[in-house]
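Structures follow.
First chain A sits with chain B, and in the next complex the same chain sits with chain C.
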Partner chain A sequence: MLTTIWIVVTITFFLLRVAPGGPFDSERAVSAAVEENLLAAYDLDDPLIHQYGSYIWGLVQGDLGPSYKQKDFSVAELLFHGLPISLLIGGIALTIAVTVGLFLGATMARYRNQKVDAALEGFVTCGLALPPLVAAPLLVFLFSLILRWLPAGGLESPLHLILPVISLCIPYIAAFARLSRSSCLEALNQPFATTAQAKGVSNWRLLWHHVVPSALVPVLSFVGPAAATLLAGSMVVEVFFSIPGIGHYFVQGALDRDYTLVLGAVLVYTTSILVLNFLIDLVFLRIDPRIQLH
Partner chain B sequence: MTPNTQIGFFKPVYVKVTCGLLILVLIVVVVGPQIATWEYDAIHWEAIGVPPSGEHWFGTDNIGRDLFARTMMGGRISLLIAVLATTVSFCIGLPWGAVSGYLGGTTDQVMMRIVDGMYAIPYVLIVIVLVVMLGRNIYLLFVAIGAVSWLDVSRIVRGQALVLKAAPFVASARAMGLPEYRIVVRHVVPNVLGSAIVFATLMIPSVIISESFISFLGLGVQEPMTSLGVLIADGGKNIYASWWQLAFPTGFLTILLLLMTILGERLRRMVTGAERSLT
Partner chain C sequence: MNRYLITLFATLAIAAALGTSAEPEFDTLNIGNSAEPGTLDPHRYFANAEEHILKDLFVGLTTMGPRGEILPGVAKHWTTSDDGLQWRFELNPDAKWSDGQPLTANDFVFGFRRHQDPRTASPLAHFLYCIKHAEAINRGDIPPEGLGVAAANPHTLVVDLERPFPFLLERLLYPIAYPLPQHVIDRYGDAWVKAENWVSNGAYVLSEWRPREFVELRKNDHFLYADDSTIDRIRYYPFPEPATAYNRFVAGDMDIVHGYPHTLVRRVLQERPNEVRNTPLQSIMYLVINTRVKPFDDVRVRAALAAAISRARITNQVLGAGEMPSTTLSPPVVSGYMSQGPAESSVERATALLAEAGFNESQPLEVTLRYISGAENKRIYVAIAAMWKEAGISTTLHHTNLATHFSDLQNGDFQVAQAGWFGENNPEHYIELLWSKIGPANYGGYASPKFDALFEEARETADQEMRLSNLAAAESVALEEFPVIPLYVTMTLNLVRTHVGGWEQNGRNLHPVRFMYWIE
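Let's turn to the complex of A and B:
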């Protein structure tokens, strides 16, 4: 895990530095002497390998460096402020996506090739075509402008969380629903399902006590990849609803060429994905005793 | 499991309608900017932020540019970048997958581990880092998107190449003493081309999403040129004052994505013959 983080950080570090231009380029050019002083103040005039060395050394001590553009703040402060917000929104969205998706998928499998299945299938296909970038404006129109039920931006109360979370989780509900449908169908065709049916287990019990638990592993193993793509959505949602999460700082850093901020955000993102994958592995151990960690 | 292409949403008649509508959208995008009365970047001082009317069908934005012309132009740019990015990913993924699948052994192992490694890093991070590195430029944008979306193509092609490797005509080509690169170029690649192209077409909606997403964040297409993502970002800033600035670009993108997704879904089912698919 540490190796992966190290590789990602190293690649990002050098990719960012290869490009010409820097954080102090602006439309109003500063004089050469000022720029020199600025670069010296942040040690940006050292050889690249020295900068890399001191960055990694700082990283080990938990220091992510200063932000070049958001003066008076260190990258760690900014990200520490944004992380809980982003984790909250992403976490709720992911949880809703898995549970609702699983429920829809199981229902579709139960009524396979009937009207219910076909209708839900239609919804799922539409859901897949509604990434947060599209869902967010549509929801704002409906709930903030026409119905005036929910606020369209900011983060002052739990109410402000509803629209961002919903617009973030729509395509993932669809993806999880489709995945659970096929893996429930697979489980339904296995001998144990037939046995349960033969001994008179009710349809409801068959589905939720026999089929769904055994269909859980493929569904949960999609959580990791889903979380990785959810990042993109969370950036859109944070920018669109003006929520000060990590995505907001990352985008700002990328626009300003604020190297340390971009690097810090990449680091936090990668770490959270890896931690999430690790947690899912632990859950696997609980739900399927046949799985062993090496 | 029978493929349920005959019921509900995927009845052939709906598919025909979807196809027709998509062609209509494409025609609109191609001729739209031409038939629009206004230029997409012309500023009309006398009409700043006016709602939709007979003169400006979709209204105008805050500096008085005609939104109908801008939406059409944005749709055109988004589609153009999507097609180009898909082509880039196709050009990287096809040879990568074909070589990896055909040669097999250690080469295959190394090449596929590289692909796995890239899968592990969230692709948005790579795209944004690439955009920061290469600068904000339309031409580099599709290269950046293409450079991260070739992974899927290469996996599909590799799978096909593995099957082809065992085919009699490849064995006879080898028996005739053809050099390996020639077998890959003349025998493997032409045979995987069909399914690779179908798969690449399926990728277009997700590439449109990536492009709009990056432009939305301000990292992609730059003013005065526009794309659907840029328009949605601008509209989002003014939703209370002028709803039309957000409504029309969003509506256009929604319709485009819905049509392409439904059609792609149908196509996928016809090709795989079943409903197996992830994501």
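Let's turn to the complex of A and C:
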């Protein structure tokens, strides 16, 4: 795991430096002396390999370095402030996406090729076509500006979470629904399902007690990457709803050439993917008797 | 199906009618800022979003009134020597820091020295290079103690200049010239900017800063003019996306927003006439031409590019927020200064100039026009490419993000590119961009001995009127050679609720909250 993190950090470090421009380039050109002072203040005038060594050495000691653009905070302070917010919103969105997606998928499988299946398929297709970039403005326009039921942004109360969570989880509900529909259909064709039906088990009991548990494996394997993406925050949702999570730092940090901030965000993202995949593997061990630990 | 739709719309309509807009509570002034501040250290600040907050936290020797006028700040009055090289500021003896400590001339000395100290790495150190030895200190050649700023006594500050600079009082409005609390910085080091350690001398103090959520300020009871300010608490919210700022304003969350989407200008003017405060910014948007590369080293080619552009088409048809066309690099909004740029020309003139330079239909001039990515910019630069096409110029548009754009401009890696400059109500601030010794800000590498001589003469002139006239002469010499094509003065798009009084339009688009009040 540590090797993977080291490789990702190293690639990110050098990729960021290949990009043209630097953290102090802006529309207000500075004098040569000022630029030299700025580079020296952040050790950016050292040879690149030396900067890399210092960064890795700092990392080993738990120091993520200063932010070049948000100078009054260290990268650790910024991530420490933003991460719980991203975890909260991403966590709620993930829970809703998995449960609603699974329920919809199982229902579609239960009523396969009937009207309910077709109607839900339409809903799912719409959901897949509604990324936060589209859903967020639509939701704000309808629920905040026209109806005035929900806040347009900010983070002052639980009500403020509703629209960001919905815009974040819509495409994931759709993705989980599709995935669980196909794996439920596959499970329904297995001999154990036919046997259960022959023994007179009711359709719903068959679905929830026999089919869904065995259809969980492909669904769960998607939970890892989905969770990492949702928990690491979404730039679009954060900017649109003024949510101070960490998703913003990936994109804006990269545009601003705030090297250390992007590296910090990438570190959090990589670690969460690795940890989540590991946890999912542990869950697989429990639910799928075919998988064994060697 | 129709019945369901009708029911749905009826429900929505009723709900919309029942929905009430948020009533103002008059306890906190909520302001939408254009970005998250990068720092609240006045010496490390760089961006406009930071200046919006800093001007409520500190007061310098001079300060800005609601209409942009220069008012006495900590200094009660000041005098200048005949040669314009020495300024004496008499400070108000009642001035205090927010922790009750007296504020003296030594706090200014400490501030000015810290600003030029290379270890501070102030991005705007060069703004005060007019002070004696400032540039040498900033380069690390001499220690900060050698700076030409001294406390003659606790309430008198003497500033010696390298050369006359009649615009000093305006320059002192920038946060880089604020006094800093040495007793706090000595104690906390870089952590002095944290809310728990915060001490300043302005109308407000920092009470909380939640990154990318809000910056909260509370009234400073030790402020020199504390009785003037009636608003107790301010929150600055960062809205990098203007659409979010607009939504939050319409939803009733914000009292003031600095910036809403340019595409909504016409609609907002119609729907919110009492709340719109679009204001011309002391700024100039222009095209810079790389005079070091062929064929743009040929003045006829540069003149042809300028001749084919109709500024009115850009400001009226593409932008439409009241932007002011400008043929001069010093914006026409700068007061007390008149200069003349080359008159707008025609497509026919452009074609003739190109023919003289050896370009025609079979061998058209090919230009790569660079601009900063963004929907508004795209509309402007597509329009310019279309105008050039009418003159037979073939344009390739190339857009990149801001950091890459300006990095390439400073490295001379462009042919023709978008540029802009803003800030002051003095023409020198803009014209100096064409000076061959200014450094990377002269993106196009324009070097004219005639312009340089006139500009340097103006730079040494103490008498303001004569200096302005010299500057006008220098500017017209440069503009005849088309190193840049000035386009227009940009507009700031502000929205202010009708229950907020004291918000006045000004060319710097900075609005001190101490002059604002609630209208109940």
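In this section, the second predicted complex is superposed on the first by the 281 of 294 C-alpha atoms of A that agree within 3 Å, B and C clash if a C-alpha of one lies under 4 Å from a C-alpha of the other, contacts with A are read in each partner's own complex, and residues count from 1 in each chain.
As a working rule, a contact is a pair of C-beta atoms (placed from the backbone, for glycine too) under 8 Å apart; a residue touches a chain by one contact, two chains touch by 3 or more.
Here the structure is a predicted model, which means the values were calculated and not measured.
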| item | value |
| --- | --- |
| Clash or fit (per the criteria above) of chain B with chain C on chain A | clash |
| Touching partner for A:V140 - first (chain B), second (chain C), both, neither | both |
| Touched partner set for A:W149, first chain B, second chain C, both or neither | second |
| First (chain B), second (chain C), both or neither touched by A:L179 | first |
| Touching partner for A:R110 - first (chain B), second (chain C), both, neither | neither |
| First (chain B), second (chain C), both or neither touched by A:L130 | first |
| Touched partner set for A:F240, first chain B, second chain C, both or neither | both |
| First, second, both or neither for A:F250, with chain B first and chain C second | first |
| Chain B versus chain C as contact partner of A:N37, first or second or both or neither | second |
| Contacts of A:H210 with chain B and chain C, given as first, second, both or neither | neither |
| Segment of chain B intruding into chain C (one of 27-35, 45-53 or 207-215) | 45-53 |
| Set intersection of chain A contacts, chain C complex versus chain B complex | 19, 21, 137, 140, 144-145, 152, 239-240, 255, 257 |
| Complex contact set, residues of chain A against chain C | 19-38, 40-42, 69-73, 77-78, 81-82, 137, 140, 142, 144-149, 151-155, 239-242, 244, 248, 252, 255-257 |
| Touch list for chain C against partner chain A, complex | 12, 15-16, 19-21, 36, 38-41, 44, 46-47, 118-126, 129, 135, 138-139, 193-194, 209-213, 237-241, 243-244, 247-248, 250-251, 253, 400-410, 419-421, 439-441, 443 |
| Touch list for chain B against partner chain A, complex | 1-2, 4, 7-10, 119-125, 128-135, 205, 209-210, 212-213, 216-219, 229, 232-233, 235-236, 239-240, 243, 246-247, 250, 253-254, 257-258, 260-262, 265, 275-279 |
| In the complex with chain B, residue positions of chain A that touch it | 4, 8, 12, 15-16, 18-19, 21, 113, 115, 117-119, 121-122, 125-126, 128-131, 133-134, 136-138, 140-141, 144-145, 152, 175, 178-179, 182, 185, 222, 225, 228-229, 231-232, 235-236, 239-240, 250-251, 254-255, 257, 262, 266, 269-270, 273 |
